[in-house]
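This report concerns only the one structure given below.
As written, the chain order gives the labels A, B, C and D, with residue 1 at the start of each chain.
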Amino acid sequence: MTPFVADFLIPVGKIAAVILYPMLMVVVMIWLERRVVALMQGRLGPNRVGFQGILQPVADAVKLFFKENIMQRQADKFLFNISPVLVMFSSLLAFCFVPLGEPIRIGSYTLTLWIAESPVGLLIILGLSSISMFGVIFGGWASNSKYPLMGALRSVIQVLSYEIPVGLTVLTVAFIARSMDLVEIVRRQESSGVWYGFLMPVSFVVFWISSVAETNRAPFDLPEAESELVAGYHTEYSGMKFAYFYMAEYAHMVLVSSLVVILFFGGWLPPFPGVKALSFLHVVPGFVWYLVKIMFFLYLYVWIRATFPRYRFDSLIRLVWKWLIPLSLVNLLAVALVRYLL
Amino acid sequence: MALREIDLNMGPQHPSTHGVLRLKLAVDNEVVLRVVPVIGYLHRGMEKLWENLTYTQVVPLTDRLDYIAALSNNLGYVLAVEKLAGIEVPRRARYIRIVLAELQRLASHLAGLGFMANDIGAMSVLLYGFEAREGVLDIFEEYCGARLTVHGIRIGGVPHDLDGALVARIRMVIDGIPKRLAEIRTLLDENRIWKGRTVGVGVIGAGDAVDYGLTGPSLRASGVPWDIRKDIPYSSYDEFDFDVPLGRNGDVYDRYFIRLEEITQSIRIVRQALDGLPAGEISAKVPRVLKVPPGEVFHTIEAPKGVLGFYVKSNGTDKPERVKMKSPSFINLQSLEHMCKGNLFSDVVGILGSLDIVLGEIDK
Amino acid sequence: MSRLGRFLRMVFLLDILQGLWVTLRRYFSRKVTVQYPEQVKEPAPRFRGILRLHRDDQGEPLCIACKACQRACGTNCFDIEGKKEEGAKVMRPVKFDWKLDRCSFCGLCVEVCPTAAIRFSREFRLTGVGKEGLFFHLPDMYRAGQDLQEHLCAGCRRPQ
Amino acid sequence: MPDTTADRPELRQAVDVLAGRFPGAVLSSAVEKEELAIRLRKEDLAAVLSFLKDELGFNALDDIIVLDNIRSSGDGGKRFTVLYQIYQFPGFVRLRLAVDVGENEALDSAVPVYRSADWAEREAFDMFGVRFEGHPGLRRIYMPDEFEGHPLRKDFPLGGRDGGA
């Protein structure tokens, strides 16, 4: 392999992939959401554009692309423009650290299925996902309008609250895996032969609930609660800027689902990695396992949205401070104790 | 302190104001301090129009009041005119009216529950409710040719007879509704989020409810047993056996629950009416140009949203001198501020949904 | 429900799971969507669609221009003029204007018509481009709602 | 159908009690179409309403109806008649109070007695221009604040003042 290919083409290709892969998932996700919710409500949902309506999100994007960008005269111009970019950028950037599978060997060259492997990859991803919340907050504030402001306020409190259980549960994984490197965490799950989700169900449940809240999804979609705040923090946005917020939300969901899969469900590992009798499952490429697991969690997102009413602000806060944080603290303590004793 | 209070304009363009209602809210962060409803965006001057139309021509216009339950409006107006003109309606027509009116109540409650649930964020319930309501609307279409603005009752009787096929169809539809209701109840009744959003929210006590003139399901949710169908039976309601469900706390959950129960009761009444459908004429003899002797009358019925009253004053011609409508939503909306004060902003939409208002009826 | 039952429900998220079960079941159940315009939900026989003037079996108009419908109408939809030809027994309309934009489809005109000349068709597609399509004149009134049947048959993809 | 209001003794009683308590207030009373209607002197309205509510138990107000008598009253009669439709439950009794009021006169507000009178009086003010003294915020309810005239008056043209479209 020439140095040109190895040092230039492949990195560029990877960068392109890291942008394309989330966007592709976003398209699938938007379609999945509308279709699945419709089917659960006895409707059909979009099924005309492309096969079963799969191109509907593309058509929507094209429409949004040609729409006028409206900005309030009193809006803070700089923040108003920067915040959709911030949200989108941080969501996409986080995907650099998400490993998609085992490295592939092509001759002497090893193709890694991630852009950057960092010993603190987990922390970086959490940090980046927090940065995307700044976009939400800035956007809501810069709109200089009441509904977006209220959406942003709700968002601040929601993120402040739910970062804590996320952090605490991630720590338990780090304790067990003795690493914050995502690739390493998956490899530890392979060597220990059990997915951490089964080892630490409490961690998984707390992490999952908190991350649904962190992605502003139903039933925790308070910052953009349609029936209350019109469209929440992006009420004043239109056209492509709105599309950025919209897509970033889905990208964030994909990111969070990837994290859940990596931390608790063995990433690209097939089920029961330790059981010899099931080793034939290795025939299926790891990436496929990985996608199947992600899709399951994305489906769960949609399923929950179709089923439940929206939490109220105070009960949402009560849930996290009175239930999730104590639970995750006890859980952390228990895991640490077990880890220390063993 | 000056900065703590925000004036928030909710509507007339807002996803959950059920039409063109505008609420001027004063909020302290999320806590609601004041609510001032601003109405009139849909005011069409119905009462003025009615004075210039003949008694018969008014009936289709009453469809446009509470358009979710158009038939109940027809019934309320027609009963008032019949009382004034001294028209005796045949028993079969009265029974058919009850079948239609109860089906309408059912449809209205299903839609109302759906809107309410959708405001609180459970959007599937809206669709499930609409799916069940669709069957009822199909019956209306089959019966009188329209689904929403039905014009399904005439002065003196009903326009069409209920034939065997239609009776069978009605039975089929109402047999299917409990299943849809069960789904809604599984989704909401015990759900912790739903209960968190509704129990103890928007409470109005029995005394206040009466004082504010609240009627219908919203009043009964506060535990006041007041149902015109039972207390001043009109149109043969006294021949039917049904219960009036009562709430205890007067909160959003009770108002939701009362509507669910009333759907069950309506199904019961429809079954009884179909079983005991008497033979006979479907309409009294009414002159083509109806001239009503001078006089005045105020007649109330139990519409799905509450007590619907029509005051009709005649001057001896074929056009009424004055028709005044007492619309339940108009009166019920007055108590919104009482229910919302001190609650959170998110609750306003839930409370508004639980009042089940229709702006066509409020603005007339 | 007992205290314990309630507690167990709460801890094991039974209410949540029940809700999820309902939506999952509906996911596989029959869908109610009608794929208009490929499929058309056929209007009921009594459906109150566009008004149509009918002729008798000999092709003679039924309308006798008595203007009963015009008088019965609460929204002034009609503008009718009749004329009695030399030697004819009854009047015939020479002008029969109906304004769709004013009509509320209440059916009062249909009910008063002494010769059952004016009746509802089942044509529910009321939209058009421009205001002209909303004003029906005498020739239009005989044609109104005619092509619905072909449309319905195309819709359900059944041979006519 | 059971007769609900026709000549029930308690109705007669209510009239008698009322007439005894407020001498001269009851101008006339009649039971028409099974409904009791009492015509009152304008000045006594507030006192009668609170008496009816507090002591006779008429706990709810159905509606306030305004009639424009411009065509029928002709000579000397007052322009408007305001009807108060009140009722009592349980034990259903319904009562209609009628008060005549001239174009430039004001009535006592019923809001201190019945809170539900608030919007009803605003509607009466908006549509007919009948003023109520002591109302906590008598302003238009349907029409825009800057609107002039009162649309439900008989002399207000049906198609609006610009003739309608």
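Quick note on the criterion: a contact is a pair of C-beta atoms (placed from the backbone, for glycine too) under 8 Å apart; a residue touches a chain by one contact, two chains touch by 3 or more.
Just so you know, these numbers come straight off a predicted model, no measurement behind them.
Greatest Cα-centroid separation from chain B: which chain?
If we average the C-alpha coordinates per chain, A ends up farthest from chain B.
Once you find the CA centre of chain B and the CA centre of chain C, what distance in Å lies between them?
Centre separation, chain B to chain C: 25 Å.
Take the average of all CA coordinates in chain A, do the same for chain D, and state the distance between these two points in whole angstrom.
Taking the mean C-alpha position of each chain, the two centres sit 63 Å apart.
As a quick test, compute the distance in whole Å between the mean CA positions of chain A and chain B.
It comes to 45 Å between the two C-alpha centres.
Can you give the whole-Å distance between the Cα centres of chain A and chain C?
49
Could you list which residues of chain C touch at least two other chains?
Residues 16, 19, 22-23, 26, 32 of chain C each touch two or more of the other chains.
Tell me, which residues of chain A touch at least two other chains?
Counting only residues that touch two or more other chains, chain A contributes 40-43, 306-308.
Two or more other chains touching the same residue: where does that happen in chain B?
Answer for chain B, listing residues that touch two or more other chains: 124, 128, 131, 187, 191.
How is the touch graph of the chains shaped: line, ring, star, complete or other?
Topology of the interface graph: other, matching no listed pattern.
Would you please name all pairs of chains that touch?
Listed by label, chains in contact pair as A-B, A-C, B-C, B-D.
Using the touch rule from the top, collect the residues of chain C that touch chain A in their complex.
Of all residues in chain C, those touching chain A are 16, 19-20, 22-24, 26-27, 29-33, 35.
Under the touch definition given earlier, write down the residues of chain A that touch chain C in their complex.
Residue list for chain A touching chain C: 36, 39-44, 303-304, 306-308.
Under the definition above, what is the set of chain A residues touching chain B in their complex?
Interface residues on chain A, with respect to chain B: 37, 40-43, 146-147, 150, 153, 218-219, 221-222, 225-228, 230, 306-315.
Would you mind writing out the residues of chain D in touch with chain B in their complex?
For chain D paired with chain B, touching residues are 1-2, 4, 32-33, 35, 37, 59-63, 65, 67-68, 72, 83, 85, 89-90, 92, 94, 96, 114-116, 118-119, 127, 140-144, 151-152, 154, 156, 158.
How about chain B: which of its residues touch chain C in the complex?
Residues of chain B touching chain C: 53-54, 56-61, 63, 124, 128, 131, 134, 138, 141-146, 149, 151, 159-160, 183, 186-187, 190-192, 288.
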